[in-house]
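Two complexes, one shared chain (chain A), two partners (chain B, chain C).
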Partner chain A sequence: MNPIVSTKRFSWPALIVVVALAAIAPLLVSDFFLNSILTKALWLGIAAASLIFLAAYAGMVSLGQVGIYGIAGMAYANLVLADGGAGAAWNPYLALIGALVIATVVGLGFGWIAARSEGIYFLMITLAFSVLVYYFFSQVTGLSGFGGINSVDLPGVVGSPETDPVPRYFLTLVVAVLVFLGLGALSRTAFGLGMQGVRDEPARMRALGFDVTRHRTLAFGVAAFVAGVAGVLSVFYNTRITPGSINLAQTIDVLIVAVIGGLYRLEGAWVGALTYALIDNYSREWVPEVGNVLGPARFNTLIGVLFLIIVLASPGGLIGIWDSLMAKVRTPRRAPAPKPVPQTIE
Partner chain B sequence: MNQFVTVTLNGLTLAALYFVVASGFTLIFGLMRVVNMAHGALYLLGGYIALEIQTRWFEDEGSGLGLSLSGASDTEYSVFAWFVPLVLATLIIGVLGVVLQQVFLRWNQGQDLRQALITIALSVILADQMLAYWGGISKDIAAPSAWPTSITLPGDVRFGFFRGVVVLAAALIIGLGLYLIIKRTRFGKIVRAGVDDRDMVSALGINVNRVFIGMFFLGAMLAGIGGVLGGTMISLAPGQDTAFLLNSLIVVIIGGMGSLGGAAIGALALGLVDAYADVYLVFGDVDLTNYSIIVTFALLVGVLAVRPLGLFGRPA
Partner chain C sequence: MATPATAAEPAILRLSGIDRRFGGVHAVRGVDLEVRPGERRAVLGPNGAGKTTVFNLISGEFPPSSGRVELFGHDVTNLPARKRARMGLSRTFQTSRLFAGLSVEDNLFLGALGVGAGHLRMVPSSKDGRLREQARAMASQVGLDSRLDDLVMDLSHGEQRQLEVGMALVAEPKLLMLDEPAAGLSRAERVKLTEMLLGLDESITLILIEHDMDVALRVAQWVTMMHDGAVIVEGTPEEIRGNQTVHDLYLGSGLISHE
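After this line comes the complex of A and B, so read on.
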């Protein structure tokens, strides 16, 4: 699948409308919807955005993002006061910075190893990384607690999610917007352009004197930072983290979110995440029970089939479908019919 | 010393199983550049199908109303009760592999990422359906009752018969068979030529699609055999599909994609490292066996740092 990156820049008015709608959402929707759909979609979208960023601008489809996200989440949960894990009882803000630094450094290390391979090799190596991180945390109970790390201490900004989910929602929203704008801006810097050059023509870029491996490694580091942010936010969201929440299923879920949204546009991350969260919450109500094959308990089958259909039908995901629809609307195939003469009836 | 022999045998038998599964994965990739992420799901499904055949056709229904309070089933299994499920499950998985290739992968040959995504989607669906049908409790395929449970090696080392003899022998026979197929048959010649230059082979008038079908049949069959062996040697449970997908990935990343010899070396390295790290990571009072996964990881990173394409890998 050749990366067909949409060169269209996002439109500011659209972004402003979406963010404004998101900002007044707490007034419009129930606490449940705000929490289980919107907040979840926002942080899941950040994780998917780190994947899409790498895929779209660097041509590297990484399945290692959940591994790094897990490292960040686990690092945060170990550094603050929590039930299980190391419980170092740091100040939450300090722990937040620590977790992001750890995730980025580990990400740079992973990136350095994986960046020298390309395409499908890269996919497999990063998948192996991610699954190894999962096995590591499920083996080392000193770091992951028995049955996960629970009641993790959260920074003051988040407030207490049980009584008031709104501050956490706004925090996640602000971070998501910053990630979106930041990654978009980065892709237009000299580094971002170099990255896209490496994606399209690594040999020519090497001939021009660019250090291809370093570009790839740094891109992976940036994505690792973003994945780390998503990991810490996921701990804020769940107030706990378990090895089970960073396993292969989660790796694939983040991939599914990215693919449903569309691998070639950053916006796709949140479109996919919102779709995923909606299906996750509401499919149980309308999916008919068909023997053992389909039903409320068979969420994975449903999401797997949706994923399969998207991959088979539209490699660009929902965003791709939208783009091609818009293209059809804007360029009609036939010449427009002559305008009918307005008839006036006396 | 005895412990060392046992641990080494453990590693070798694990390696044998890894090799059987990973060889199918690597052969498919070598010829078609398809990373079959559903390989782990085919492994588990092969095991479950064999189990289903065994319990439906060969279980004595008279004894104990199907309930065995002692936990160990006292049903007698003949040698047929193991071999018939093995053969049938292997064939079914082979055919399933061909169907999968023809329906989902044939028309987008060359789009390797899309194919990987398609097989990931299929593995998600398969895993969920297997969970729905066979449940979450781990199950075993019974080995024939006539076979001894363990053998005694020189030096008074006792080791499981199935694990030590059957699995090792199966891996050796399969390895030898694959070697002969690849080196001595017309099919193997085409496959070797196809690995080097697919377009040229097809330009020479060889029906590449038929060769692809044959290769997917063979590769999926190997996953199926692996599932039956693994289901008898270890167990069948949700999550085993992931575990064996990961093992296959590591084996072929170490050994080099598409290389049969590489798969053998990679499987040996992974199996032995797994086995030793589980036991010998104790330094005085410090017990690091919990961290054994780090050693596997270090093995992977070490190989990749020196040879980004694996030990026997060649650029695509």
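After this line comes the complex of A and C, so read on.
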């Protein structure tokens, strides 16, 4: 069963501070950091947010998000001018819309099937979906080129990232903030509250007159749209897409990002993604050589150990650790509350 | 056998020859039941008598193995729970099934939304305001107006039971089914519950499963006694108090009190 979660509402001041810092980041950090750490963390965070959104609000832990984002990325790369793939040479903005529509429609269709299962079965069917998407694009080279689609045409708003990564960074930042605020607002609507009802007590939802399967399907569709956004942004980031970038390892990586950040709060997506990007890049410099156990090339070992520590110490991820620290700061140690007088039940 | 006072009106609920098996367990055997509009009916019986299974068959949690369920004059035997709810049937659960991660107000909001339109509405709307008003009014009716913004997981057992009843009532049902609403309540809380049930709008039909005879026999005008999956006797509370079979079933349990 899913643990009981309450999806706390974020604080506006904290968000404003973080966004303000992010907005002046191009002045403070190198182009390399802006690109390889911050931009990457922002789009990877959106992918993780689609997973966390489903887990936190609908109680559905999905491994299908990378499958969806792969479809969106591949669709975009095929629809624009590129080296490999279908090369439909559409206008990039039109292709962007097309890719999101395709990802959302596939998400709704697949969600309609997967919504009938729960828990571990849901996890397995979504994992199967991601693997299916990977093999599809690995084998249908007409849609994925030989070893990927390269030199993908980007929309004008991205500029030319090789010389100036700032426009792409700001685009990704704006989209990430919109995704964060949009999903938060959605959770307060009739649909969003219903989704949380489905998470907590599906039987009660049915008894109240709700169509639980339809709610789950639509929740998956919303998450698919968000995963699609991440997929297209990942193509903007890499200017290419290969089947290898949407394989099982990437599926696991997005789950790891979500768990490290915290599965029960949307903010966790970006906290996890930033942590992941930092370790990915800098572990190669920081990590000393210790026999053949630890070394600069042992990124997976490091991230695995961190993953284990977090799963064991704080199921709520880094955000969960932060929350419990803040709770301790806010409520100083005090005498235990007086015991309530036991009521006699005759 | 006596008939309820309102026997002239068509039944709001009719079970005919209902059977339900779970593997080798024959939980409900050939139950016939007729409930008329505005009636207050208690379903009594020892643990394992099949009372909650009958509730689940009426609300559509699962279908009967054989037999027919009619609600408001329609055959609903094969209709899912959500469609029966939207026809005007509301129920509570023996163990509270509330949305633990949501506030009291949000729980009641969903209760009011369920029977209406706009389940999938993804934008704020003025309809939300009306539903919230309905939710807040229900919260004060069940004595939870001071806990509107508290999460359900932070409520006491008694408060959760109050909310459980509120969740069923907020949908403004025609037929209300309460499964042991007084379970685990203190004496004071039970008195409050009884008063609330006695004060229910007369148009609401009530079916009540309850082990607490004080609550059940005060609220009900008509009692169905179940044992071992079957209905063994029906009658007014007075008839039930005086019935020998009922005494034998509850012998030694001291549940039937003589005033």
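Simple rule for what comes next: the second predicted complex is superposed on the first by the 327 of 346 C-alpha atoms of A that agree within 3 Å, B and C clash if a C-alpha of one lies under 4 Å from a C-alpha of the other, contacts with A are read in each partner's own complex, and residues count from 1 in each chain.
Rule of thumb we're sticking to: a residue touches a chain if its C-beta (ideal position, glycine included) is under 8 Å from a C-beta of that chain, and two chains touch if they have at least 3 such contacts.
All values derive from a computational prediction rather than experimental measurement.
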Pick one for A:Ala203: touches chain B only (first), chain C only (second), both, or neither. second
Comparing chain C with chain B, which touches more residues belonging to chain A? B
Go through the superposed model and pick first if A:Leu255 touches only chain B, second if only chain C, both, or neither. first
Once chain A of both complexes is superposed, is A:Gly194 in touch with chain B (first), chain C (second), both, or neither? second
Which partner does A:Gly142 reach: the first (chain B), the second (chain C), both, or neither? first
Report for A:Asp211: first if it touches chain B alone, second if chain C alone, otherwise both or neither. second
Is A:Thr301 contacted by the first partner chain B, the second partner chain C, both or neither? first
Between chain B and chain C, whom does A:Leu186 touch in the aligned arrangement: first, second, both, or neither? second
In the superposed view, which residues of chain A touch chain B and also chain C? none
In the complex, the residues of chain C that touch chain A are 59, 61, 80-83, 85-86, 90-91, 93, 97-102, 106, 109-111, 113-115, 118-125, 127-128, 131, 151, 153, 167, 171, 184, 186-187
Which of the residues in chain B come into contact with chain A in the complex? 33, 35, 104, 111-114, 116-118, 120-122, 124-125, 127-129, 132-133, 242, 245-246, 249-250, 252-253, 257, 290-294, 296-297, 300-301, 304-305, 308-309
Touching residues of chain A toward chain B in the complex: what are they? 1, 61, 113-114, 116-117, 119-121, 123-125, 127-128, 131-132, 135-136, 139-142, 247-248, 252, 255-256, 259, 292-293, 297-301, 303-305, 307-308, 311-312, 315
Tell me, which parts of chain A touch chain C in their complex? 4-7, 186, 188-194, 196-197, 199-201, 203-212, 214-215, 218, 343-346
